[in-house]
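The structures considered in this document are given below.
Two complexes are shown next, each including chain A; its partner changes from chain B in the first to chain C in the second.
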Partner chain A sequence: MIPLTHSLIIAALLFTLGLLIILLRRELLFILMGLEVMFNGAALTAIAAGQYWNNADGQVLTIFLMVVTAAELAVALILVWLAYEHFKVTQVDMLTQLKDDTQGEPP
Partner chain B sequence: MHSADLISLAPFIVLILGGLTVLVLGVWPQHVSTRTLATVSSMFLLLGTATTVLWETPHIVNDMLIIDNLGRLFSQFFMLGAIAIIILSFNYAPTKNEVREEYLSLILFATLGMTLLVTSHNLVTAFIGLEILAVPLFAFVAWKPMRNGAIEGGVKYAILAGFAAAFFLYGITLAYASTGTLNLTALSSITTDNYLLIVAVTLILVGVGFKLALVPFHMWAPDIYQAAPAPITALFASIAKAAVLVFLIRLLCLQLQYIWEALLPLLGILAIITMVAGNLLALYQQNLKRLLAYSSIAHLGYILVALAAGNSLGRDAAIYYALTYALMNLGVFAVVAAFTRPEQDRQNLEEYRGLGRRYPALGIAIWIYFLALAGLPPTAGFVAKLLAFGAAIKAGHMILAIIAVINTALAFYYYLRILIVFYGEESTKQNDVHISQGTISIVIITSLLIIGLGVFPEWILDFIKTL
Partner chain C sequence: MYEIIFYLTAAIAVLAAGAILKVHHPVHAALYLVISLLALALIFFLLGAPLLAVLQVMIYAGAIMVLFLFLIMVMNLRSERNQSLPLPTGWKGPAFLALILWLELLLLLNKYSSEGTKEIIVIEPKTVGHALFGPYLLLVEAAAVLLLATIVAALYLSRKGRS
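== the complex of A and B ==
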């Protein structure tokens, strides 16, 4: 049987990998993929811990996790598609309509 | 399943049935008017509020939900707040003809997420509540995608909400790996020094911090407040944040002495940078919705001052502040929604010049809201700040309280600047704004509550102390 620490280390690596993808890549689709990798790191931890503690909570958590992230990514993908459809934007830096307005003078 | 369980679950069942009923009505063969749809959803929310009265407290449902008075107070508050959001959306010109069954059922589901979050007794329930709340919200930000900046706001919020959820979830799974349980009571009975659990709780706090827009995680807040339609900004800034805040309070009430010894100083530091950064960023801001976003970041800092005290006084203060904060922001954004232009919200502060004089009812209400936000008596904002800073002093955090008071003084500048603009002379004649009766009644109720809770704080404080 694989010890818990091994699986936890692999899961932590997966989570960090996802985090790095989000921080380093600028393409919207890559960022969503990075999110998915982070979620998978969490899922792996839950499964390994469920095995270690010998109860089903970890697997229940993972099933909920898959459903919830699928729902979340479905909406996120629609938004990314809308951004491409209307602005032809695929990179997060190119979305710059919303910004601080500090130009005015005091009353 | 006992009958007590069924009664406890009744509000949740009502909200789910309500959401589905509204969806079905939307595809009904005959045309159903928007007014009917809004009335039906409000009725379901009222019914949900009524069923919480039947709750026998305290009761734990299947180790998943805890039904207690704190949960009841906030569940009722969220459902009534959601009715206010529906009324505001119904009268809001930029999303006219777009507030149909999808919108209303998503509001019901988001309310379900909030009630799940505040009654969660298990980290899985909390996660599901948080996500049921978050997913409708990023659909709302991009509602009517052709509005200025709507898509951009939606994409940004979707990415950041996912990011926050990933941290929250990783924290949950690590807590599970280190203790073997996801139950909040079982977690708090763990007394051994557990290194992994500290990491887990920190990760959960990061996730919650993103949702609350505490300062290192605040970048999304101004963009989203600006991009979302004003009624949705009201939802974000008031009840949605209060829900996450109540979960944070529940988390901090767990008896995990050795963890809080390590993390409470960190909360104090977070409080300081959140207050200072929020107020400094608000100082020169010209866009009203962004300015209010920065001001709500600063308010979260004041609430953290109370929570960092780590005593029961701080907890009571934080609960009172959460209620007041939600009321004040609901009111302010109701006024912003009322003054909207036909295409989109007024953005620059100058576009609001003189509106307070032309519409006296909303003008007086604006006075009350901004006095409350600035923390002046006789409003509830004053009592909330008094309690929060008092709790910090009681816990011996003198420096924290002093920094908080200096920040409050700093905040006067921009709140009074807004009031001056609202009551200034109109430079050019503007088109008339139609203000509906629904909006007026929301504004009157919230301002009366703010004054009432400020003059007679013992009404609610005595109740909060027994929670």
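== the complex of A and C ==
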């Protein structure tokens, strides 16, 4: 039997790696992939805890997590495609349409 | 034996996730992401959640990765490198990790049928289904509404003739 701590350590490692991918790779596609890795760390936490207490709730939670992830990705990928189509950018730092014009005069 | 397979699989999952940090091409990152998701499916199986292992392979490694690859194909990034396929450069790392995963699965299936597993407490899909359609029935309905809203949003965002 694997101790619960080890599963939680692996889940924390996955979550941290996903966060690092989001923070370091500034491309939109890589940000979504980092989100996937983070979601998987969370799912591993839920399943490991559910198995530890011999309870099906962890698996139910993970099923809902998968549904939410699939719904989020379907919309987010279309938005990435639209950003590429309209602005020809893949880096998230170049999407500055909503930013204030810091060079100009204050109104 | 069981512990060795578990920790090897965990190492593959973490290594493949870490490899996403340093690869350049999005297709290579998608390959490593598939390996990480498959390794995680094996971890779920080893922890005793066979239903979630199958769902992980079907939904994540199947449907969501197809979405990713389709988007990469549509966006056609790095068009200057289009002549050379990405296969000759970056397929060895993911293929090696996938080979290890496959060997582990063979070993596991052999052991599973022969001696059984007294150390894994398996929660059957039946139990999960009873929980899903018993106390969590309202959440299932909410998930259905969420999926409907996603379909509407996807159709709205991808319609033709947008100004």
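Observations
Here is the rule we use: the second predicted complex is superposed on the first by the 100 of 107 C-alpha atoms of A that agree within 3 Å, B and C clash if a C-alpha of one lies under 4 Å from a C-alpha of the other, contacts with A are read in each partner's own complex, and residues count from 1 in each chain.
We adopt the following convention: a contact is a pair of C-beta atoms (placed from the backbone, for glycine too) under 8 Å apart; a residue touches a chain by one contact, two chains touch by 3 or more.
Fair warning: this is a prediction, and the values are worked out from it, not measured in the lab.
With chain A as the common reference, chain B sits beside chain C without any clash. After overlaying the two complexes on the shared chain, residue contacts for A:I22 are found with chain B alone; chain C is out of touch. By the touch criterion defined above, A:A49 reaches chain B but does not reach chain C. In the superposition on chain A, contact is made by A:M1 with chain C only, not with chain B. By the touch criterion stated above, A:V60 is placed in contact with chain B and with chain C alike. When the two complexes are overlaid on their common chain A, residue A:F87 makes contact with chain B while staying clear of chain C.
Of the two partner chains placed by superposition, only chain B is touched by A:L95; chain C is not. In the superposed model, A:L79 lies in contact with both chain B and chain C.
Look at A:I31: by the touch rule set out above, it reaches chain B but stays clear of chain C. Taking all C-alpha atoms of chain B against all those of chain C in the superposed arrangement, the shortest distance found is 5 Å.
Across the superposed pair, chain B and chain C both touch chain A at residues 18, 32, 43, 48, 50, 55, 57-58, 60, 64, 68-69, 71, 73, 75, 79-80, 82.
Chain B makes touch with chain A in their complex at residues 124, 127-128, 131, 134-135, 138-139, 142, 145-146, 148-149, 151-156, 158-159, 161-163, 165-166, 169-170, 172-174, 176-177, 180-182, 222-223, 226-227, 281, 284-287, 290, 347-350, 417, 420-421, 424.
Against chain C, in their complex, chain A makes its touches with residues 1-2, 6-7, 10, 13-14, 17-18, 20-21, 24-25, 27, 29-30, 32-34, 36-37, 40, 43-44, 47-48, 50-51, 54-60, 62-64, 66-71, 73-75, 77-82, 84, 90. Residues of chain C touching chain A in their complex: 3, 6-7, 10, 13-14, 17-18, 20-21, 26, 29-30, 33, 36-37, 40, 43-44, 46-49, 51-52, 55-56, 59-60, 63-64, 67-68, 71-72, 74-75, 77, 119-121, 123, 127-128, 130-132, 136, 139, 143, 146-147, 149-150, 153-154, 157-158. Looking at the complex, you find that chain A touches chain B at residues 4, 8, 11, 15, 18, 22, 28, 31-32, 35, 38-39, 41-43, 45-46, 48-50, 52-53, 55, 57-58, 60-61, 64-65, 68-69, 71-73, 75-76, 79-80, 82-83, 86-87, 92, 95-98, 100-104, 106-107.
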